[in-house]
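First chain A sits with chain B, and in the next complex the same chain sits with chain C.
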Partner chain A sequence: MHLTINGKVIKAAEGEMLLPAIRRQGIEIPALCDHAAVEPCGACRLCMVEITRQDWNGWRRHVTSCLYPVEEGLIVSTHTPQVLEIRRTILDLYLARCPNSDVIQKMAEEYGLTKTSYEIIPEGDNCIMCYACTRICEMLGKSAISAVQRGHKKVISAPFGKEPPDCIGCLSCAFICPTDVIEWRDQNGTRTIWSRTFELISCTACGKQILTRDFADYLAAKRAVPREYFETCDDCKRVELSRKMGGLVDLAKEVAL
Partner chain B sequence: MRIDSIDKLSRWREECRRTFTAPQRKVFVCLGEACLANGAEEVFHEFQKLVAERKLSDVTVESVTKTGCHGFCSLGPLVIIEPDGTFYTKVGKADVAKIVDKTLAAREVIDRLVYVDAGTKEKKVDYHTIPFYARQQRISLRNCGAIDPHKLVDYIAVGGYGALAKVLATMTPQQVIDEITNSRLRGRGGAGFPTGRKWATCAQIEADIRYVICNGDEGDPGAFSDRTTMGSDPHSVLEGMIICAYAVGSPQGYIYVREEYPLAVVTLQKAVDQARERGLLGQNILGSGLSFDIKISRGGGAFVCGESSALMKSVAGDVGEPRAKYIRSVIKGLHDKPTVLNNVETFATIPVIIERGADWFAAIGTKKSTGTKVFSLAGKITNTGLVEVPMGITLREIIFDIGGGIPDGRKFKAVQTGGPSGGCLPENKIDLPVDFDTLTEAGSMMGSGGMVIMDDRTCMVEVARYFLSFLASESCGKCVPCREGLYQLLQYCIKICDGVGTEADLAQMEQMAKVIQIGSLCGLGQSGPNPFLSTLMYFRDEYLAHIRDKKCPGGVCRKLITYTINDECTGCMACISVCPVIAITGEKKKKHIIDQALCSRCGSCYAVCKFDAIDIK
Partner chain C sequence: MTYRYVVNPDLCTGCRTCELACAFTHTQNQKPGRSRIYPIAYRPDKFVPVTCLQCDDAACVKSCLFEALKRNPTTGAIELDKQRCVNCRACVAACPFGCALIDDIHDEVVKCDLCGGSPACAQFCPTKALIYRRIA
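On to the complex of A and B.
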């Protein structure tokens, strides 16, 4: 299928969203809630573009490119004055919410903003409410954390702000967070995240801590991996494999001779 | 007894009709929410007790019927005696004995309880002659106040499920869709999307299952028409949904009701159980082979759950957050299956269209907005309540002729239509015909039919502030323009109300309002700035008065007004006794004085003064 992006006709695959198709052309589109590991959700609104069609007789609309599927004959403009104004205003609003976030500051600067024109929200932190953490947790089949409350009071939280019963301490939420606001720490054989403390299991060969017991149990159940798989760490497994491989190499040499 | 054929339904209807019309005279006691709050239940029981005791010839215990909301909420508890149509207002438990002995036994009218027109002071005994009722045309509200909502037999007696029988016996699904399409019925939830086209699209999509959902979330402050329909005539909604299920081929429906409507939830659940028991829901309805069931889904009271995609998430048990509707919910809705979602009023209208025909319906109203629309009249209006009028009627007719105008001799200032996301229209717009397109052109919208009337003691900036604060706190918080934008817009509005706003702020507000409209994910955010934009469009001078002159022309914004006592003061000391901060001093029969340093501008003195001696500047 064919569509026009900023005047250039390009090819795209049926079912694909606009954002990857646009980015493939080397066009930069800002986005904060977009992440390759999770489904798009349209929360940050920064990837908004203007679309129209020949048969729309001049009518245009603005859509978030991360969620709008490519269509034959679609005419897309990614940097019109109005699109830029929308992005700038959104970044301005973000700056009022997360004035200390490097990610936001850097992106806002690209749109000529160094300081917000709004009142800084006193309770704001670096969380940009991109939902990456809740989406990855949902994808893993746990949904241990979610967005709670409404309006500008909305925050990411464990149920009722207590220790999340469904959390397995896998750290996916902390690793995917683009602004590093999810705190966690490993110490004395335990891991603490979302105010819950998990037992870490150690490699029986080298003693290094590998992962939480709850995560290992979950993986064993979900992936049908034998429970013994988690007795050694990846490094030790590799060492053992290479030992076996070494044996193979010797055998190969013998065959070659 | 299960009604498993259309013949059986007809025979049963005859039986129901005989029971329904058996009493020569009937006493209808309104047990709608407003009347209940004023003690209607006691009134009803008193009638039952006294009628049983008195043993009158033509009035028996069976004659005393409780009904759902009759619409004239400001005058409840209402009692209507048929067939004369004798209309008694504000009936208390103590009045019942008199009504039984005088009106029921001796056919005498009790003057004290009769309706008096607020304008002409004329007494009207028969409610049909009261302008509030005489100007209405009730289609969706046809049975509200006329039957007992808890009795399926009452609904059957007045012709209920007749449209369903007609559909199953004589029409194909396509014919049903064509009939609805030809009636040009537009969705009553607010957006006004053609119902027939929605059904046709849903029916065309290949799918293993389709769903029918009734949206009874009705979150707009000041709107209560869906509550009334669900609580006063629940079977009309069920019948509309079953007809829709037949047309689009759906086995499962949901009614999404907010938990804050406890009576509607109970009444609907009872109605569903009754219909299931009689075989009007479930397998093989009326022996036709159609199978359809309905579940009641209760909402937690989030405004955003009135938005279709958020509603469907909530029905599915997820957090009620909307999704981008680039693929419409009629194609990919509940559980990603094709779903028809219509509002309560739309479904309640369907059976009438089927029975009386598309042409009959299309002849009512205007060309592009056919039929009637229910409006909830609230705010500064004499006749608070529910009215159903043909589309195209003017705002003036609704507010002044039917609504009885503005009470307390005050002047009309604005009417907000379409709820918080709608807009406020000023006096020079009240001759506009009310239909979907005209209201949208005027910068407001039809919405769910809420009308909040405001008088000259209303500050339009404060109105915008109020509704923005509602929307900012009801925003689901998923997307940035709505979550952060509405919050910041509200902060500016508060600044202006406090007298510290600037003209630069106003310009910034206009700029960001446009971005919120374009940039937001769902209808809540897209229409979120409307309270600000529409008040600014028609009342810019009031914004400027706050900014430039530090004055609130409506006399509302506390930081910009002063209360003073003028020479009309008789020294009655009434204000002194109510002032919560003891700011008023004075002796009996001498003019009092308000200490401005102490005054908290609460308005208590103004409310209590009988001599117009308090000035607000």
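On to the complex of A and C.
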């Protein structure tokens, strides 16, 4: 399948979305809600591009490239003045909603914006409602968090704003969040996220902590990873491996003698 | 054709050239903390370079909920797709040999990818304690 991106004819696979095809050409498209691990959802609107076709007689459309599948003969422009203006307006709105986000400020500066032209929402947090956290949680089969309320009251939250019963404390939501708005902390052998506290597994030998007990149990149950693998930390397991390999060498020498 | 690391602990002096070669190949700086291979002493003067064993039924691949770890059919290495990785560290905790590592400097998961078929650590080993060769 062939399409034209910024005047250059390129090949793309059937069913692929425009955004990966454009990025493969080395063209930078801003996007906040995009992540390879989750399905695209077109929430942040920043990957907007202009499309047209030969038979459209000069008509054009603006689409989110992450959700638009490639088509034969499509003509895509990624940086027309209109597209840039759309992106600038979206970033302007984001600046009003998330006045404290470094990621958005940096992105806005690239588009020539330092201050929002809208009224800053005083109680605004850095959440841009991109659903990356809920999508990744759904992806790993938990759906512990979701969007609640409607309209301007909409927030990402655990059910009823209480401790999420399905959460396993894996931190995937916190790591995938493009604006780092999900708070968590590890202290005294526990991990707290979404106001729920989890117990971390301490290495039986050295006490190093990596995962929560719930996450390890979940992996053992869902993916059939032997549960005892999680009891020791990676450092101790490497030392153990070297001892085992050394033991094999000694054994081989004894047999040779 | 199966290629494997062949380790001879009698020859390993624990000089950590493999660490430097690995860190430099993957990150363009020679910080040993960013290596995917570590010579570990199993007795005071005896070292074994420890790195990913590319298991057939790998616990890291099973534990990855986002399919970020996949086997490269040409090299046989289990490779980490950084685009898909969300840094949950399930693989780090799951690996029974502790060979999926956390890069402390960039706070991300790193793992041996056999350098696309010719590992730099084996090429740079001065005593040939670590070689990568065809065994079948």
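Some points to look at:
Throughout what follows, the second predicted complex is superposed on the first by the 244 of 257 C-alpha atoms of A that agree within 3 Å, B and C clash if a C-alpha of one lies under 4 Å from a C-alpha of the other, contacts with A are read in each partner's own complex, and residues count from 1 in each chain.
One rule holds for everything that comes next: a residue touches a chain if its C-beta (ideal position, glycine included) is under 8 Å from a C-beta of that chain, and two chains touch if they have at least 3 such contacts.
Everything numeric here is computed off the predicted structure, so don't read it as measured data.
Within the superposed three-chain model, A:Arg60 lies out of touch with both chain B and chain C [touch as defined at top]. By the touch criterion defined above, A:Leu140 reaches chain C but does not reach chain B.
In the superposed model, A:Arg223 lies in contact with chain C only, and not with chain B. When the two structures are aligned on the shared chain, A:His35 is found in touch with chain C, with no touch to chain B. When the two complexes are overlaid on their common chain A, residue A:Lys208 makes contact with neither chain B nor chain C. Contact with chain B, but none with chain C, is seen for A:Leu93 once the two complexes are overlaid on the shared chain. Once the two complexes are overlaid on the shared chain, A:Met48 sits against chain B while remaining clear of chain C. In the superposition on chain A, A:Arg150 contacts chain B only, with no contact to chain C.
Chain B contributes residues 302, 304, 319, 321, 323-324, 326-327, 472-481, 483-488, 491, 508, 511-512, 515, 518-521 to its touches with chain A in the complex.
Remark: chain A residues 35-37, 136, 139-141, 170-172, 175-176, 201, 210-211, 215-216, 219, 222-226, 229-230, 232-243, 245-247, 249 touch chain C in the complex.
Taken in their complex, chain C has these residues touching chain A: 7, 9-10, 38, 40-43, 46-48, 50, 59, 62-63, 65-68, 81, 83-90, 92-102.
Only residues 41-45, 48, 62-64, 67-69, 82, 85-86, 89-90, 93-94, 96-97, 117-119, 121, 129, 131, 146-147, 149-154 of chain A touch chain B when the two sit together in their complex.
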